[in-house]
Amino acid sequence: MGLWDVDKIEYVGRTKGPQEGLAFHYYDADRVVAGKKMKDWLRFGVAWWHTFNQELVDPFGTGTAHRPYYKYSDPMDQALAKVDYAFELFTKLGVEYFCFHDRDIAPEGDTLRETNANLDKVVDKIEENMKATGVKLLWNTSSLFTNPRFVSGAATSPFADIYAYAAGQLKKSLEIGKRLGAENYVFWGGREGYENLWNTEMKRETDHIAKFFHMCADYAKEIGFDAQFLIEPKPKEPTLHQYDFDAATAIEFLRSHDLTDVFKLNLEGNHANLAGHTYQHEIRVARENGFLGSLDANQGDKLIGWDMDEFPTDLYETVAVMWEVLQAGSIGPHGGLNFDAKPRRTSFYAEDLFRSHVAGMDSYAAGLLVADKMNRDGFIQDLMAERYSSYDSGIGATIENGTATLASLEEYAIDKPQSELIAATKSDHLESVKATINNYIVDALAEA
Amino acid sequence: MGLWDVDKIEYVGRTKGPQEGLAFHYYDADRVVAGKKMKDWLRFGVAWWHTFNQELVDPFGTGTAHRPYYKYSDPMDQALAKVDYAFELFTKLGVEYFCFHDRDIAPEGDTLRETNANLDKVVDKIEENMKATGVKLLWNTSSLFTNPRFVSGAATSPFADIYAYAAGQLKKSLEIGKRLGAENYVFWGGREGYENLWNTEMKRETDHIAKFFHMCADYAKEIGFDAQFLIEPKPKEPTLHQYDFDAATAIEFLRSHDLTDVFKLNLEGNHANLAGHTYQHEIRVARENGFLGSLDANQGDKLIGWDMDEFPTDLYETVAVMWEVLQAGSIGPHGGLNFDAKPRRTSFYAEDLFRSHVAGMDSYAAGLLVADKMNRDGFIQDLMAERYSSYDSGIGATIENGTATLASLEEYAIDKPQSELIAATKSDHLESVKATINNYIVDALAEA
Amino acid sequence: MGLWDVDKIEYVGRTKGPQEGLAFHYYDADRVVAGKKMKDWLRFGVAWWHTFNQELVDPFGTGTAHRPYYKYSDPMDQALAKVDYAFELFTKLGVEYFCFHDRDIAPEGDTLRETNANLDKVVDKIEENMKATGVKLLWNTSSLFTNPRFVSGAATSPFADIYAYAAGQLKKSLEIGKRLGAENYVFWGGREGYENLWNTEMKRETDHIAKFFHMCADYAKEIGFDAQFLIEPKPKEPTLHQYDFDAATAIEFLRSHDLTDVFKLNLEGNHANLAGHTYQHEIRVARENGFLGSLDANQGDKLIGWDMDEFPTDLYETVAVMWEVLQAGSIGPHGGLNFDAKPRRTSFYAEDLFRSHVAGMDSYAAGLLVADKMNRDGFIQDLMAERYSSYDSGIGATIENGTATLASLEEYAIDKPQSELIAATKSDHLESVKATINNYIVDALAEA
Amino acid sequence: MGLWDVDKIEYVGRTKGPQEGLAFHYYDADRVVAGKKMKDWLRFGVAWWHTFNQELVDPFGTGTAHRPYYKYSDPMDQALAKVDYAFELFTKLGVEYFCFHDRDIAPEGDTLRETNANLDKVVDKIEENMKATGVKLLWNTSSLFTNPRFVSGAATSPFADIYAYAAGQLKKSLEIGKRLGAENYVFWGGREGYENLWNTEMKRETDHIAKFFHMCADYAKEIGFDAQFLIEPKPKEPTLHQYDFDAATAIEFLRSHDLTDVFKLNLEGNHANLAGHTYQHEIRVARENGFLGSLDANQGDKLIGWDMDEFPTDLYETVAVMWEVLQAGSIGPHGGLNFDAKPRRTSFYAEDLFRSHVAGMDSYAAGLLVADKMNRDGFIQDLMAERYSSYDSGIGATIENGTATLASLEEYAIDKPQSELIAATKSDHLESVKATINNYIVDALAEA
């Protein structure tokens, strides 16, 4: 069977009954939906950190994960062995992309130079495997948050030596991205924020990180690395307050620091919830403002206040996400659905890595099928068109075409009685809309 | 068409396509599922306060609701007219139960005596309509929270006159319950709690309300009113902290005040969320402790911190609720699914009252169908049986049968190596379980 | 005693003991602190809506407030009488500013024209009282959220007639602001957001409201009304999601719609909490970005998910707010501390309006005294200067002066061992910082 | 200076100014307050796990802590060395109690027998140090949550072997408690709960743990270990839902499983917040029901959804806690204030262990001083007495003495007009109450 004791995952449709966990019920990679193959809409990616490095620890417990490569005790041996395990897993799942932090794939040395040397050895092996399998790098990134030197930030550290180190680390990471043909490059500022405002010069820190991003953009240009740069917002955790709180905050930062040409956003479902938003909201904000870059597909529990990074199985959420993607035409210019997700700590067998990816892939494939059916029927489009129709002509058109003034609108409205105003205000029948979405889920998936 | 400009709602199955909002897709009242008619599993009830009195106000806006009986301006005229509207709505929806607070159905007078006189007139008319239609009273209750006299509580008011008034009000309410054959009687203590601990004698207040409940039980016995008494927990809102915080807290109160013979619980989905729980959790706690009484079927938004009382449309939640009900055999001894729910403020046409009940009824009917399919397959039962099998014999059996001691267990375990202990610990494959539930939803509803 | 049965509130310092609730312990209007009179730092304002119109209702209860002018039953009579009560309250409290919505001060007619006529009568009387007392208008605003016509928004309503009506209403409101010499003009978009994304064209709606703001700015210029325009962010409630979620989101909107010249922000403590932020955070974001406009001084309860609008008494929060104000030099160009706050529903006597303002004014005066003492000692400044000192020269200076590149920083860092990097990273002794702030509170107020 | 590069911490009162972080400003151990020495009211304890073992990791970063004993690389060597460091720290802080989990003090072996042998060696050394210094064991406990074998619980594990192992582990832990004279024994069920209800037999699991507690009580009796047993509630984290959700839930469990004679509660501030409560609420619930056992003194951030275990510095909270303790007469029969708290990850010097304990001790000492002043003045007592006075005679007395019935109360109330009822309802002047507490804080600490 290879390194993993699991067969290649096959699409079986609905023939094997509801309880089959090691086959695709909805994800049929080459099936054409809305003009593209499913795999081209979804562009699934595996996250190296969770899938290969996550031992399933939590703040009150050590790792529970069973992983076959734990037999390698030397860090470099294990790092190199994982490459083989990784590409076999990609292939068996039929996932065509992966993502990693620099620190995921090779151990640190005492200096950046030594660390970079370790990195190069693993990157060599990854490059070979990419060629051999055709699996591509959706994005890479740099861990500027794990090591204690980053305790108070990297590009927002109050300590210039740390900033300098982070810059050097980033330089290498961009070079690796270039070498491996990364389609995007992600910045998640887990420590870029504050623990306490009383000791924080917020503006100075955000100016520092803006300069950092400009240096990165300059260097990428210099070396001809044309990946799409992406910021990944998160409101808090580990930091009490992170500067990239949510999509709107990140866009504000990009606008006020002349970075809109270079950056788009990588949006994560669980981060949306921690910021008080739905995942659909964050994607809508990014999409409508031209900042949709890529997606970290996972889910949280809205009754829980920390980042759970669960594999996504909530069909309401996958339908909403894929609806937004259908409207956008794609997940950003080069985006994909990276499973920034880990099995639950109680789901710790090696086999559960496959089970959980299958659950996530199927859930997103289902979301695509449902969104496509709603789209073909024009259900949402019709509802919207009718709801906003008063702006298509008459007084509404003067508002949209810029000829209206307060005075012209006052004149229009000043003698309208309350009854006429109330009559102009329509019910949205929201409960029927929600029931209709339920019906679409059943109908689209029953016919899948 | 009658008083409401809506036809009787019919079951059409899946023939009218996903967008039909004024017909049942899943709720087929007389269809037998798991040995009982759907209507007997579900026992739907309409909540008078939301459906007939709720003007769709919120803290920042006045009412938006369009209701045909707003043409009656005299309070008693309107109260009496509503009875006709109510019973036509029940009949057109095919709902066989309703619920009300004393203050929902008739206006207050200046004294309790005058108020009671108003009540009697409306109760007369309700009684006639019940006889004529066969619609029954799931439960009644008393509003001990709206009037300013209850600002600091009723049975926990620091002011004895208010307590006395509440007792008098309750007496009348029990008499009405008896007269109308209420199957349950509900106590929701919206003001029974505290705004601030610094001025609150908590124990004294909870002792007061325990005495109040005992008086109520005594009086019910005296007049031969044998309805099941129910406490409805809610953690807060309007009060900063309500004493009946959640199911466990309410059960603790009942146990410590000798009230377990008299009371069970009426559980609401949105209240569960406000207390940090899922609806399924609250029902499970009540069910396994013998306190499941009835259900206030609604849903909240877990990102929102107040009580939204939305009509329930989340199939994950309705499946979980109906699973618990299937295991219990019924919703308590006399319980039902009362829609303690209002249309959204933007869904304000009279017709939306029908649309929203249809959405709610269909969602719960769907939940029943899915839970039943899982139950027939033994999916959860098998999973549980295997998971806990180590308690069925051997050392596990000594734990359950009470023969184990710390010493006997120490002896069993003291020389087991870590590898054996880890081998005894099994993965729960949680992601596959969740994906399987998705599959059951689609399969059960596609074949519905 | 006048209309209110309360004497003028006097400053007594600490002579009357801790339990005196109807005298100022810390607020001494003309005392000079940090170069300005207390009253000029604080510029307290009374909010007409809460203080005179709030009946202390909540979603489960009717009003509890006792107010002397409830004896006036005709709406216009009551509206006119309230003007006298208002100005006597301002004077007895020694508050020099007030704020109102158009709908606070006069009842609506059936048409905007009739409504405006009502408004004019009350504005006449307000203007007289302003002249007589010297009390000034901190800001006025327009209620585009209470009436059911605004159920789905005003400037983001899907219904063009409602937009037009809102524009007409705003025109009148700006004219009143001009006439009464309002120093600011506030826009709070309580309904400008969405209830559900599935029926919302978010971008179209936000474009509509941007046009609306431009029309308002044009008209203000046309009539020579030079008040500072302010947006007041709030994340939700009444709307599920409000577009002006928080300070950063509002600034992003202003930047992307060419409105930064015209608008600053009015920030509220309770709204900050509902968005997941501290009040200090929101003020810092606005201050450092040049958008600090004015403050709605109130507080929330962070365990509660709705807007409580409590009078502010938390000294930790008032110290933090006044610290930010001291650093800014003032609360925006024309800002003040408007008590967007109501007594608790249990604190319902007329006298409690005075008690609660006194509590709020004293708490902010105390905050100013503590912040000033910390400022004079240079406590925070020293801590910051040391913390960021590595950017003042050497490699840090190259980062700040723009000469650094990834390559130059890599060269600096590449051979630094981990030990040196850790040594460059300093502890922030955060627990001592918090204990020191406690000490400053005691010391500053003991010597007050 | 000894092992730690810090001098013994002295009480300096307010002479060293607000910025001194390494001296007590309020904690004067032998000063008599309310009839007892401060140290006897407060009974401070140091938590071994946080103070000596916590490396200041978080879910996204490795340890930042600088600790002098990290020079010992062998686990047993380090464990033994820490004992010396611990007792010097206790002595220099003047803390007379400590607390530990079995796994805090010695490394695990491969079997329980080997682990117990490791434990014994360290316990020998601890015992010697206790004798030499007079420092006592406030409580010990057992870690049934860190090791992967406990992933799905210990006494609620679905796997009987794990239950047996936990029982054996607990037996040893009780023996150690007996040997070291622990005054209490704590059970925190970090894994006793569920990750998902779909695979959980909740009642079976809670019955299992109840049996476990009975076995523990039996064994303690058998060996003559008479410590007070304590359950420590927490609602979630690491587990999605923990069975001991809050004080009320834990009391309900104790009542329904015949464990009230054996157990009281150990309450933690941060856990209270995670359950949606204030710390004062949880203590009040325990106190008034006779279950106040001991306190884990720490604080959370109410805007943060995970357990921060911050050192307590919020004076509002320490005042409220010490008020409850003053009313109770002591913190339970043998309780103390255990600092279940860690310095922030950014506060990582060895010295910060001292700074953070000083901040916490001073904050609780300040809380005691303020609560005592309010108590001596009778401020709260008077307010309560007046508020509830209507129950002291007349109709109120009939309610409290059990002679009232619904009928007798109806008769009393039935003809009372609304005006009389409203007159019987008094304002609580809540804003003045809060301002008064502010005044007490300043006055009590200024005269300290």
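Per-chain numbering from 1; labels A, B, C and D assigned in written order.
Convention: a contact is a pair of C-beta atoms (placed from the backbone, for glycine too) under 8 Å apart; a residue touches a chain by one contact, two chains touch by 3 or more.
The structure displayed is predicted, hence computed values, not measured ones.
By count of C-beta pairs in contact, B-D exceeds the other of the chain pairs B-D and A-B. Comparing each option in B-C, C-D or B-D with A-C by residue number, the pair that reproduces over half of the contacts is B-D.
Rounded to a whole number, the gap between the C-alpha centres of subunit A and subunit B is 38 angstrom. A straight line joining the Cα centres of subunit B and subunit D is 36 Å long. Residue positions of subunit D with contacts to 2 or more other chains are 64, 147-148, 151-152, 195-196, 236, 276-278, 344, 346, 348, 425, 428, 430. Residue ranges of subunit B in contact with subunit A, taken from their complex: 14, 17-19, 21, 25, 64, 273, 276-278, 302-303, 311, 313-316, 343-344, 346-349, 351-352, 355-356, 358-360, 362-363, 366, 377, 379, 425, 427-432, 434-436, 438-443, 445-446. Taken in their complex, subunit D has these residues touching subunit A: 58-64, 145-148, 150-152, 190-191, 195-196, 236-238, 240, 274, 301, 304-307, 344-346, 348.
Of all residues in subunit D, those touching subunit B in their complex are 108, 110-113, 116, 147-149, 151-152, 157-165, 167-168, 170-172, 174, 195-199, 201-204, 208, 211, 215-216, 218-219, 235-236, 241, 245-246, 248-249, 251-252, 255-256, 275-278, 280-281, 284-285, 288-289, 320, 380, 383-384, 387-388, 390-391, 394-396, 399-400, 402, 404-407, 409-418, 420-422, 424-426, 428, 430, 433, 437.
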